[in-house]
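Labels for the chains are A, B, C and D, by order of writing; each one numbers its residues from 1.
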Amino acid sequence: MLALLVGVLSSTGVYLLLRRSVLKLVLGIIFLSNAVNLTIFIAAGLVQGKPVFVSEDAANPADMADPIPQALILTAIVISFGLVAFTLALKYKYFSLSDTDDLDELKELEE
Amino acid sequence: MIALPVLIPLFTAILLVFSNQARYQKIIGVSGAFAIFATSLFIISNVGGKQIEVLQSSNWEAPFGISLVVDTFSALMLVITGFVSFALAVYSLFYIDEKLITHRYFLFFHTLLMGVNGAFITGDVFNLYVWFEVMLMSSFVLITLGSKPLQLKGGIKYLTMNLVASLFFLAGIGILYGKTGTLNMAHLAVILQNDEQAILMNTSTMLFFMAFGIKAAVFPFFFWLPSSYHTPPVAVTAFFAALLTKVGVYAMIRVFTLFFIQDPQFWHTLLLAVAGLTMVVGGMAAASHYEIRRILSFHIISQIGYMIFGLGVFTPLALAGAIYFMIHNMLAKTNTFLVAGHINRLKGTYKLKSIGGLYKSYPLLGILFIIPAFALAGVPPLPGFFGKFFLIKAGFEAEKWFISGVAIFTGVLTLFSMIKIWNEAFFKKGLEEVPEQGLRERLPLRELLPSMMLGAGTILLGIGAGVFFDYFIEAGNQLMNSDQYIQVVLKNFEYVAN
Amino acid sequence: MKTIILQMALPYIRFILIFFSVITLFRGHNFPGGGFIGGLMASGAFIFQALAWDVNSSRKTLRTQPSVLIGSGLMMALLSAIPGILTGKPFLTGTWVKIPLFADHTLKLGTPLLFDIGVYFTVAGVVLMFIYTLMEEWQWK
Amino acid sequence: MTILLLLSFLSAIWVPYMPKILNKYKGSVLASLPLSVFILTLARGTGLTGMTSTSTTYEWIPQLGLNITWTFDGLSYLFLLLVSGIGTLILIYANEYMKHYPDKDRFYTFIMLFMASMMGLVLSGNLLVLFLFWELTSFTSFFLISFKHEYEKARQAALQSLLITVMGGLALFGGIILIGQMAGSFEIADLMEKSGEIKSHRLYVPALILVLAGVVTKSAQFPFHFWLPGAMQAPTPVSAYLHSATMVKAGIFLLARLNPVLGGTPQWMILVSLIGGLTMFIGAYLSLTQTDLKAILAYTTVSSLGTMVLLFGIDTQASIEAAVLFIIIHAFYKASLFMIAGMIDHKTGTRDVTLLGELWKPMPKTFIFASLALLSMAGLPPMLGFIGKELIYEAKIQVPDIAIILMILGVGSNIFMVWVSTMLGYRTFIEKAGGMPKPPNENGWRMLLGPFVLVLLSLFFGLYPASISGFVEPAISTILREPATVYLSLWHGFNQVLLLSILTVATGFSLFLLRKKIIPVLKKINSALFSIRFADVFNKLIIGFVSLSKKKTAVIQHGYHRFYLMTIFVAATVLIWFQIYYTRGWNVDVEYTRQPYYVIALVIIMMGASLITAIAKSRLTAIISMGVVGLGIALLYLIYSAVDLAITQILAETLTLVLFVLVLQKLPRFARLSSRKSRIRDAIIAVAAGSFMTILVLKSFHVNYNHPISDFYVRNSLPGGFGENVVNVILVDFRALDTLGEITVLSIAAFGVYSLVKLNKLKK
């Protein structure tokens, strides 16, 4: 079920990336990165309702969710936040200089 | 000690945050670059071609903490990166607008360097991802710094495709972790070597391959490179040309020698096929263009093919050749871009059709161009020749006739495109036009200094191939026998199978 | 966005957000929270102000440049790497000092905490820089 | 030897920095260098018998068998003498000839470089080093040919010759590596030992072909002969030196060097003699219709080179004797003829034979030297050329199987040679002039010295042939690998060979007399048969190749950003599916675990939201539904025990939304930009890509829940890291380095946005 969700999310992401609008491009990136984060999360195994907090007396790893993927995803989320922010600014700048949202406009420069 | 190549650029970058005067930016930027170079020399003298040095960051033993590992391969890459980036830092003093420098050009320069060095020394897959991101983020900024429309256009293409690569990489890491439960490269190697089901890893291998393939700009994935490299200031392009794709190649060599070693027949065939296509397609494209930076950009792609070729042949000599080729390429390719920058400064354009007569007026520039150009074309005794020699010898020994033949043939393409620049820009009679305003009449010697440094490095690498060869073959051997790497990294960890 | 209510409530919201962000920061080692979350919350305080009034007033309250925040945050993170080196261990090695407070409670101060504070400042600075830059751009036109 | 070589290289660099006083005499000063090499070589060669060889080895990359080995034996002795001797004369000649050229420093630099490379080439005892110098000669000659680089023609000719020789060079390179692989060494001495092994190796034929490709291109053999006439764009001293006496002989030298290693097999014989024979005939034939002095000489050079190759191909003792002798003969007369052509050009301002004439009056000395050299070229007594030609005929007669064909080709091309020599002499010196740009006068001694010495030597050796055997014998025995003695004389007695000679001369001469009738016919034939000139074909090939590449590049690098992305995704999808297919990895057994109903509901909502985003027409809808997805993911994290993650996700999501809103105000609405067709196509690609992600995730359910690392983290978090929140401890302690990198990324992004947005302020 969740696997399917990943599939749908990444399909959406890819589809959006292939559109001509730059804004959709940004949305596509967000979707794809969400999908990938979820992939990591699922691939490492799901454990319900057992957050990883240890106290001094009990530390039985078998009872807990795996903390590493969480840390990884946290890092990944933050990084992709930075990237998205930058992309947005780039997009904004691109628009304000060229007055277009159309990615096909990027072409003319390559001969 | 071996963490310094990462910490110094970070420290430099922090210092750059606090000052916003161009003068301080310049001083700090260049001296930081020099410090990195010096450190890398120190490191290689320690590693010395035999040892592998490891540092467990945060003092958590591998595979728990993040291990930083320097073997000969990494050390070599560090040194050359240090050298090239020092030269580039000096070059940037003259070739980057004051305005961009106040906008912290050097900050991004150093964070890029931090990412690259980090990627070279890390022994942890996720950490590698983080360094990739550091590198990418800096390169995104650098490519768009200056906000010219052209740059932004190139920047969007560059950014999207590299982001996709990162996401592939991240997904690959996730799945890899899900299966093995570790992120440490050495530990991964142990687990995957002992796992008879390791063939199932192939999917994440493929994800890694695609991710690094995009970064290294190999055949079906190279589009971003030629469509963006000609847009930023030439110092930035040179920097990218020297480092970015090579990091991709580095990562590919690292993972394919260390832990993705299952099903070699499939992978090596794939790598060789990709290598061949990359060489030829890049070479042909380079032959057909008339804009210097575009010729050079396509040419990078072609050369990447050689490195992948070395990896695909997969013998110590082939790997040594690939590494040697990488290093030579970093020196020479960067230098050709620098010369392109000089030309632009003199003529105000990169279009070959409107340049000419440079040889007559600037013979020294001609020499500076001809050294890296001939090195790339494989003229003995410059290093391109030896690189090809190692690779093709290895290819023949492994009886990969066809692909070796392709590699030989591509040499003609390379030569053709280089001579084209030479003939058009230097030999052709200059156009009798009144030079536009703002163009320089002459080049002061100090601006040529970085090119001279790189040129000298190129010659040294060629003439001294015998002296350095031990390092390269040692690097190749270390890569082929991952046991040493594993033992050093995991020395305090019981890595019994399962 | 410039509603009176928001403007009136602002000082309190700001105070609460910053207060909680600091709490989150220090609690982070044992409970959900930490530098990231704290930093994001702290920046939230100033974002609200920028929305309620304008960027300039928010900048005034901040008293310093976001870039300085980023720089010092990074510097702290980097500094936390040094004690490890000084004690002959690899960099970033956690070094802790225990300060007995009262009864059997002790305050444990360590380089990871410093590191986390660095993260806090950096994140706050970064977010503010994003927002300020874009908002100023928007106000200019 | 090494010192002298180094000195030559250094002198090349020294050229521009010579003291001003020497400016006028640079050539002569530099000539002292090859002269001393010449004398030294002579001195060293006195005791040389055929079988002695001395070598010195310096290690370079010993690990791969690359050593700098200098071998001094009969063959290198002979070639060294030629290179340095003629080099001396050429430099003196150039001193005068180049006087008025503006960039003569560059000329001297490159010619010294070339000379040094050539010496290195003939001295190399290691195939790789030999190759190194081989390539250097190609490149230095590129610069020499393109000396008048502002002329399109010179650049083109230079590029052409470079491309051809380098292509051959690369083939040779492959061949050398193959040979090295067969024998396990690149030392020529070792190779000779293992000659039998190499010849019976299965890679022998490919290696042979590759090496021959090198020889054929370098020595301008058919069908790659055309670069040589093109190379006449170079200043005359260059033509005289490179394209007659030295560089083109490098191929011949290599044949001689490798004869003991590769020669003696049927393949060698057939290939080499066939190429040589054809070239010999075609070169001679084509020289007939040329009118440019240098072009005539160039084609005869092609022919002579063909003869040498042929002789090495025949590979008998007699043929090798003939070949070695002919190398000397040819070097003598061709160098002097080129120098003479240069003088004529210099003095009259043209090289066109139809314009030249009656030069014997103003230039008597030149005339004498020229006619003697031409005699040698025609193979007439009393010159050395005669002896050479006799020997060649003799060698050909001895060939068992293909003697008749060879005789026809050989006699034919010699007839042409006689014909062209007479014609050349007649039209230049005796016939009535057609109108020369400048009135001619006699040349100075520096220019005359070269032809004088060479012709004199040729005459001397022709009259006293015994005196030359001291030079050729060592070379011949080195090639044959057994002591050889050569008996030479002008008069062989009345035999078959002499008969042939007489026949040749008679026919050649009568053809000359009939030339007025024959030449136009030939020209017609040529224009019918050879209307496609090889050089043009080659140029067209290059142009065609470039435009092909251009088209191909335009297809691949078309500039449409989204098609790049599409290619990447399609390639990725194909690769992944192929790979799953390849490893039969699709049978994933999914353990169907029942998810709680609220999870299912959440997932369905998120799917719906993401679809809405994909097809949304308004920006706000798209962004809001994206927000829904983001929050949904945060909830999922929360459900599956990731509290910190959930909070971070929510905050990051919120901030992203804020940023979106900020940016959005400045942006236009979505326009419907793409057609229905392209949307469907994209949707298919997207679904394909999404499906492989699903498969990946499904496959990853194969987890072994054995996570030693995270267990360690959980256990050590409190005792070692003093924290109860393991995720946080990981972030700031276990894997703090990651976090360090991450905040760096953030900071860069912040500064990046700042610079990006602020910089245009300055612009606008």
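Basically, contacts are C-beta pairs under 8 Å (C-beta built on N, C-alpha and C of every residue); 3 or more make two chains touch, one makes a residue touch a chain.
The structure displayed is predicted, hence computed values, not measured ones.
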Result of counting contacting C-beta pairs for A-C and B-C, higher pair: B-C
Centroid spacing, where centroids are CA-atom means, of subunit B and subunit C in whole angstrom: 37
Geometric centre distance via CA averages, subunit C-subunit A, whole Å: 24
Interchain centroid distance [CA atoms averaged], subunit A/subunit B, Å: 27
Multi-partner residues of subunit D (at least 2 other chains): 557, 559, 561, 565, 569, 643-644, 648, 652, 655, 659, 663, 666, 693, 696, 700, 703, 705, 707, 709-710, 713, 720, 724-725, 731, 733, 735-740, 742, 744-754, 756-758, 760
Interface hub residues of subunit B, defined as touching at least two other chains: 10, 13, 17, 57-58, 126, 130, 133, 137, 140-141, 144, 147, 156-157, 160, 164, 171, 174-175, 178-179, 183, 226-227
Touching two or more other chains - residues of subunit A: 17, 37, 39, 41-45, 51, 53, 68, 74-75, 78-79, 82-83, 85-86, 89-93, 97, 103, 106, 109-110
Pairwise touch network: line, ring, star, complete, or other: complete
Interfacial residue positions of subunit C with respect to subunit B in the complex: 67-68, 70-71, 74-75, 78, 81, 84, 89-94
Contact set on subunit C toward subunit A in their complex: 30-32, 36, 123, 126, 130, 133-134, 137
Subunit D-facing residues of subunit C, complex: 28-37, 40-41, 47, 66-67, 70, 73-74, 77-78, 80-81, 92, 94, 96, 108, 110, 112-113, 115-116, 118-119, 122-123, 125-127, 129-131, 133-135, 137-138, 141
For the subunit D and subunit C complex, residues of the former touching the latter: 643-644, 647-648, 651-652, 655, 658-659, 662-663, 665-666, 720-725, 728-729, 731-733, 736-737, 739-740, 743-744, 746-747, 749-751, 753-754, 757-758
Residues of subunit A touching subunit B in the complex: 17, 22, 25, 29, 32-33, 36-37, 39-45, 68-69, 72, 75-76, 79, 82-83, 86-87, 90-91, 93-94, 97-98, 103, 105-106, 109-110
